[in-house]
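Each of the next two complexes has chain A plus one other chain: chain B in the first, chain C in the second.
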Partner chain A sequence: MTARDLLTRSNLLGAALVVVLLVLPSLATAYFVNFVMTQTFILGLAAATIVFLAKYGGMISLAQFLLFGVAGFMFGNAAQETGARGLNLGWHPWAAVVFALAVTTAAAFVLGALASRSTGLYFLMLTMVYAVIGYYVFAQIVEISGPGGLTSIQRPDLLGPPVRLYYAGLGLSVLAYVGFRAVGRTAFGLALQGVRDDPVRMASLGFNVPLHRALAFTLAGFAAGAGGLLNVWWNGQIDPASIAIGPTLILLIIAVIGGISSFEGAWLGAFVYVLIFTYLRDLPLIDRVGITEARFNTVIGVIVLVIMMLSPEGLTGIARRLRRRLRPPARTGPAPSTGPPLPVRTTEKELGVTRR
Partner chain B sequence: MSRLSRPAALTLSTAASLALLAAGCSGDGGSSGLPADQESSSFSAEGDGVRLGILGQCEGPFGGFHEDVVAGTTLAFARYAGASPNSSTSALEGFSDAEVAGTPIELVGIGCGDDTADRILQEVRRLVEQQGANVIIGPLSGDEGIAVAEYAKGKPDLTVFAGISGSQEQTLQVQAPNYFRFYGDGAIWNAGLGDLLYREKGWRKVAVIADDYSFGHTSAAGFVADFCGVGGEVTHRVFPPLGTTDYSSYIAQLPDPDEVDGYFWAVGGTGTQAALEAFVNAKGDLTGDRHAGNFFFNPDLAQALGTDIAGAHIGGFATLPGDIQTPEIKEYLAAADETWETIPGSLSGNEPAPPSTSAAFGFFYGYYSAGVALVEGLKAVDGDISDPKAFQSAVAGLTLDLPHGDISLDENRSGIVDVGLSRLAVNDSDEVVQESVAIVPGVDQTFGGTFSPDTPSPGRDFPKCEKRDLPWEGKAIPVVDGVPQR
Partner chain C sequence: MNTTLGRGPVDSATRRRAVLRRTPLGAVALAVAAVAAWVAFLADDTPAGPATQDPGQFLVTVLDAVTFAGLLFVAASGFTLIFGLMRTVNMAHGSLFLLAAYIAIRVQESMVGQSRNIEPGHVGMLDWLVPMLAGAGVAAVAGLVIQQLFLQWNEGQELRQALMTLALTVVLADQMLREFGGLAQTMVWPGTITHFLSVQGERYPVTRLFILGVAVLVGVLLWLWLTRTGTGMVIRAGVDDRQMVRGLGINIKLVFAVTFLVGSFLAGVGGVLGASFAGAAPGTDGNWLLNSLVVVIIGGLGSLRGAAAGSLLYGTVVAFSPAYLPSEYSYYAIIMTFVLLALVLAIRPYGLFGRPA
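Showing the complex of A and B:
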């Protein structure tokens, strides 16, 4: 790929978006930056791992929030020096970061290997079982989870001011977005998509199907772990209820709102979720129609329902369709003059929908 | 091919909406250009008055108490700050015209918790960082209290008056200098109960079953420290998760009635009744005098369990048992009835009922106490809260003259309180009612050194069951027919 290939409109727009986000802290209020946007990046990062597994591997995982939590718990145990809760190992914060990511990645590999022979609904069920078991592991083994959660978790000095956490979230999100898309074009990513489309044929071609799935799950677990670290720094505490089945489903809902087959959708879904959670109740007269903060879950439920009916591909799917309708389909032009055409078909099969 | 027409419109619209939002937000509240790098929001920029946020729970096991707790705080302002509620049938509509020593109290928002620490943190951050609250009243529940106290520690200019959250740790361990609790904790409320059962009922061996979270642990810890302190033995400790609906597997872990003298229950919310029903199913008939519980034992249990529950002993709460009616308490209840026509509180199943129904219960009363503390604190500094440190040190030195007894604070800013113990009894018309037994005066949260900042938090196996001296041993004031024999 040459530099000129990179100068596409979407890349330019993506870069413009990043620039806007980079200067956002001097435009918006502290609360909007440090609460709304930072949380958007954290949840978006975690939801992007669901998208990665669904898009390239055809695996819809409910275990991502567990891995998110594992990283948080491990960091808390390793980094805390004193206090009545957890192991209080008192390590250097960055050693604790390495430890947390190592444990999370290892756990992801083991869980991924165990689930690597199941697909579709069975994979979803199995990962839900992981989420439930994971919750009870942390709820019952109180030595590593409290009792009742780890509190007063400090972030490393480097990330002390809240705005640095925002930039860390932005940086990791951009990295994950670019990284996940790049993985899709590597030999591993192409093989993974092959496994998604036809595991039997890939196996007969000599690919190790379970290994590809397990490695994809491991990579997603690593990224979810990074999101989990950001979360525990942002929130200052984590307890077993943080990774219970409720929050687990919320992450899936975020992925569905945004569109489970597009990486942009992960952050878009998280943004919409956080916006609704934060600002819905401030809309004038909204409580007059019975939508108070207690009805937040109902509103989210209705939105998900509407999105599922209008567009199984979420908000990004709606945007894509609107664009198609607004602009008559242009004839495909001749192949780019520079460089040979990629020998890859771009037909994507996601969740039973084939899209070209 | 698709690369040239990738989601450009999407990216563009996202960028545009983000920019719009950013612009919209920066223009909001006169805080434009506020560097996001700032640790704490600048309170003084918002004006000189009190900008109050109330943290309640509109979801979760205690979601039914949302009206009650907001009404509690409102009543304090209605009585002592000239406030008038905006609605005569609901407290959630807020109040107006509250003012103390020339300083207005403005309600900027009501936070909606769901009994998890994560959620209450989001709510308190919204109230403080978005709505600009400089005083918080709340939260309601145990884990929430710890999280909010930790949050307060990082915001020294914020002042928090805990609502009715009863975990020990939020004051004893966290020790945020700006976090005040004008009531007891779960352990305090069971002080003297073990002593009473050991001496008067001859209990020697007890099994404990408690909710598996900070309040359940704290509540059980108070009973264990007390009962073991006088020489009793706790044979089993069983901790079902909060919100369990089928308790049968936890009941199976309890010993049979012939193995122990009694059972202590600290199972709250919707679990109390379900757990006792499971006990009846598994272990046979219920005889009330073989059971004791924290304040979640109430006469309503008789509706499902029958009058056999009579005889059970109950720990105290923020309020004294209902049969103690001093003039101050009567005045307080009457004031509640004057402030609203009805309040759809939890005790009336969230149906409209006389406000005194809610006001008589501890959830309402805890938030009321917090509201009175804010008023008295403002009076102590002549309404000048421009120096939060001075305001906070004035609050720390307060002794509140409250309907259910005076309350002052210990060095960790937690209440030193009188605890009213009671039992369930059958009255003349065959109804189960609560009957006071004794008042244990002046209980603080250390239990004579059993609990300190250096000890572990109350947990599944802390405190150990061992004999110890407790400051209130033998000092309980008996109560006869609702009259303390001081």
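Showing the complex of A and C:
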């Protein structure tokens, strides 16, 4: 790939966006940067793991938020020195980071291996069961979650000021975006997409289908764990209720709002969610129609319902469709170099799963 | 000579593969035997004690398992019925369960004329049955409305439907919290069945046996409906081949609507039983969605026999693990559910009676 190939419009737009985000802390208010944007990055990172599994593996996972929480709990238990709750192992913060990521990745491998022979709806249901059982595990085994959760968790000194956490979120998000897309072009990623489209054929070609699924789940679990670490540093605490079924569904909803088979959609969905969550109460007359903060879930649910009715591909799908409608085929002749379009067999995709 | 030599390695490879395939089965059999031995002889430091020493506790635990399985079956049979025919995973099943429970409690309160501290003695059988039918009826209608508005026009897009019903779950949970409040409420059993039986010296509530009775009744009626009536025949044909049923000129949209109505009604019946048994509160919906999911994942989606088998297995694990785990580990009972799932999925990825979707 030459430098010229990289100069596509979307790459330039993406680079410009990253530059804007880099200088954002000196442009916007501290609240917007440290609250809205940091949270967007954290949730976007977690939602991107759902997108990764759905887009390349055809697996819609509800267990990502559990892994997100596992990393947080493990860090809290390992890093805290004193306090009434948790194991208080008192390790060095970076040792705790390694420990948390290792445990999360191992848990993801085990869960992924167990789910690796089921697909589609079965996978969705199975991961939902994971999420709920995981919640109960943390809620009932108070040795590792402390009655009422782990509180006052310190982040490593390197990430002391809140704005550094913003940059960490930005860096990890860019890394995840580029990394996940790159994985899609590796041999592993291509095989994974083959497994998504036709597991039987891939198996007969000699690929180990369950192993590919399990490894994809493990990779997604690792990234979700990194997001979970950011989250626990940002919140300073974590309790079992924060990984209950409600937040788990919210994360899936974030991925769905943005469009479950586009990586941009993960962060877009997170941004929309955080914006609604933060600013809905400030809209004029909003409480006149009976919408208060307490009814927030209804608003989110209705939004998702409407989006799903309009387009199963979420906001990015709607945007793509609008763009197509606004700009009827602009090309006047065949592109000079490519000649007649190659007969490419396209497959209809529904939510990242091939429809036959 | 040559052929026999040539077949040697093939034979051993086949045999090795067969052994490998049988390994999970053997492991599961071993695990079951170990658990049985533990429950019968070794479970010393547990709340219940070894079954050979304390048969009463053991019998009570068995009854607990079977009666809870009955409740599970009522809730999960509707879920699996809807999936079997329409391939729709109705994630709002738990919400319908909770909705029926709340409605039934409201109706019962207005029938008895008291809003709290209702004595079972003041509740006649009718004061329980009518609210039950009202609650389940509301759930059935709500389910039908959901199906007509959100699921009928995008048939076949399974994941889209699952996500839409998940969004509905969020909305319904929030609206029920607004309407019915956040406090736990209970439906009161009629006074005629709030007695205790004596089982090997242990007191056992009749209400739990009543739940089992309702479950058996529901199971028998469902079975008769599916095997002895015209609609049931169409439903069974639709489970096997929807296109063919449609091709024969049968109005399958109507059959879908009826099935959704019945499935939601069953969720409602389960909800009222659950509210009488353990109360209704925000979060009950998620719990029962989980229970239904576990049952159908174990038993196999879309199979009524699977729902029964899954209920029994899951009910057994739920009843036995708190009673027969060592006392200091009874917190870990929830993990046993996970172990059960892992064991079943290791042998049959689509559940005991399921087949690939």
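Convention: the second predicted complex is superposed on the first by the 329 of 356 C-alpha atoms of A that agree within 3 Å, B and C clash if a C-alpha of one lies under 4 Å from a C-alpha of the other, contacts with A are read in each partner's own complex, and residues count from 1 in each chain.
Keep this in mind: a contact is a pair of C-beta atoms (placed from the backbone, for glycine too) under 8 Å apart; a residue touches a chain by one contact, two chains touch by 3 or more.
Model, not experiment: these values are computed from the prediction.
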### Query
Is A:Y31 contacted by the first partner chain B, the second partner chain C, both or neither?
first
### Task
Give the label of whichever partner, chain B or chain C, reaches more residues of chain A.
B
#### Entry: Which superposed partner A:M308 touches (first chain B, second chain C, both, neither)
second
### Query
Do any residues of chain A touch both chain B and chain C, and if so, which are they?
142, 294, 296-297
### Complex interface listing, chain C residues touching chain A
87, 89, 150, 157-160, 162-164, 166-171, 173-175, 178, 286, 289-290, 293-294, 296-297, 301, 331-335, 337-338, 341-342, 345-346, 349-350, 357
### Message
Taking the touch rule as given, give the residues of chain B at its contact with chain A in the complex, in rising order.
### Response
1-15, 18-19, 21-23, 25-26, 28-29, 31-39, 41, 58-59, 63, 66, 92, 110, 112, 116-118, 121-122, 125-126, 129-130, 143, 146-147, 150-151, 153-154, 169, 173-174, 212-214, 217, 241, 455-457, 459-460
### Query
Which residues of chain A touch chain C in their complex?
60, 114-115, 117-118, 120-122, 124-126, 128-129, 132-133, 136-137, 140-142, 244-246, 249, 252-253, 256, 294-298, 300-302, 304-305, 308-309, 312, 350-351, 353
#### Entry: chain B-touching residues of chain A, taken from the complex the two chains share
8-10, 13-14, 16-17, 20-21, 24-35, 83-85, 139, 142, 147-149, 151-152, 161-163, 166, 235-237, 239, 241-242, 247, 262, 264, 268, 277-278, 292-294, 296-297, 316, 319-320, 322-323, 330, 332, 346
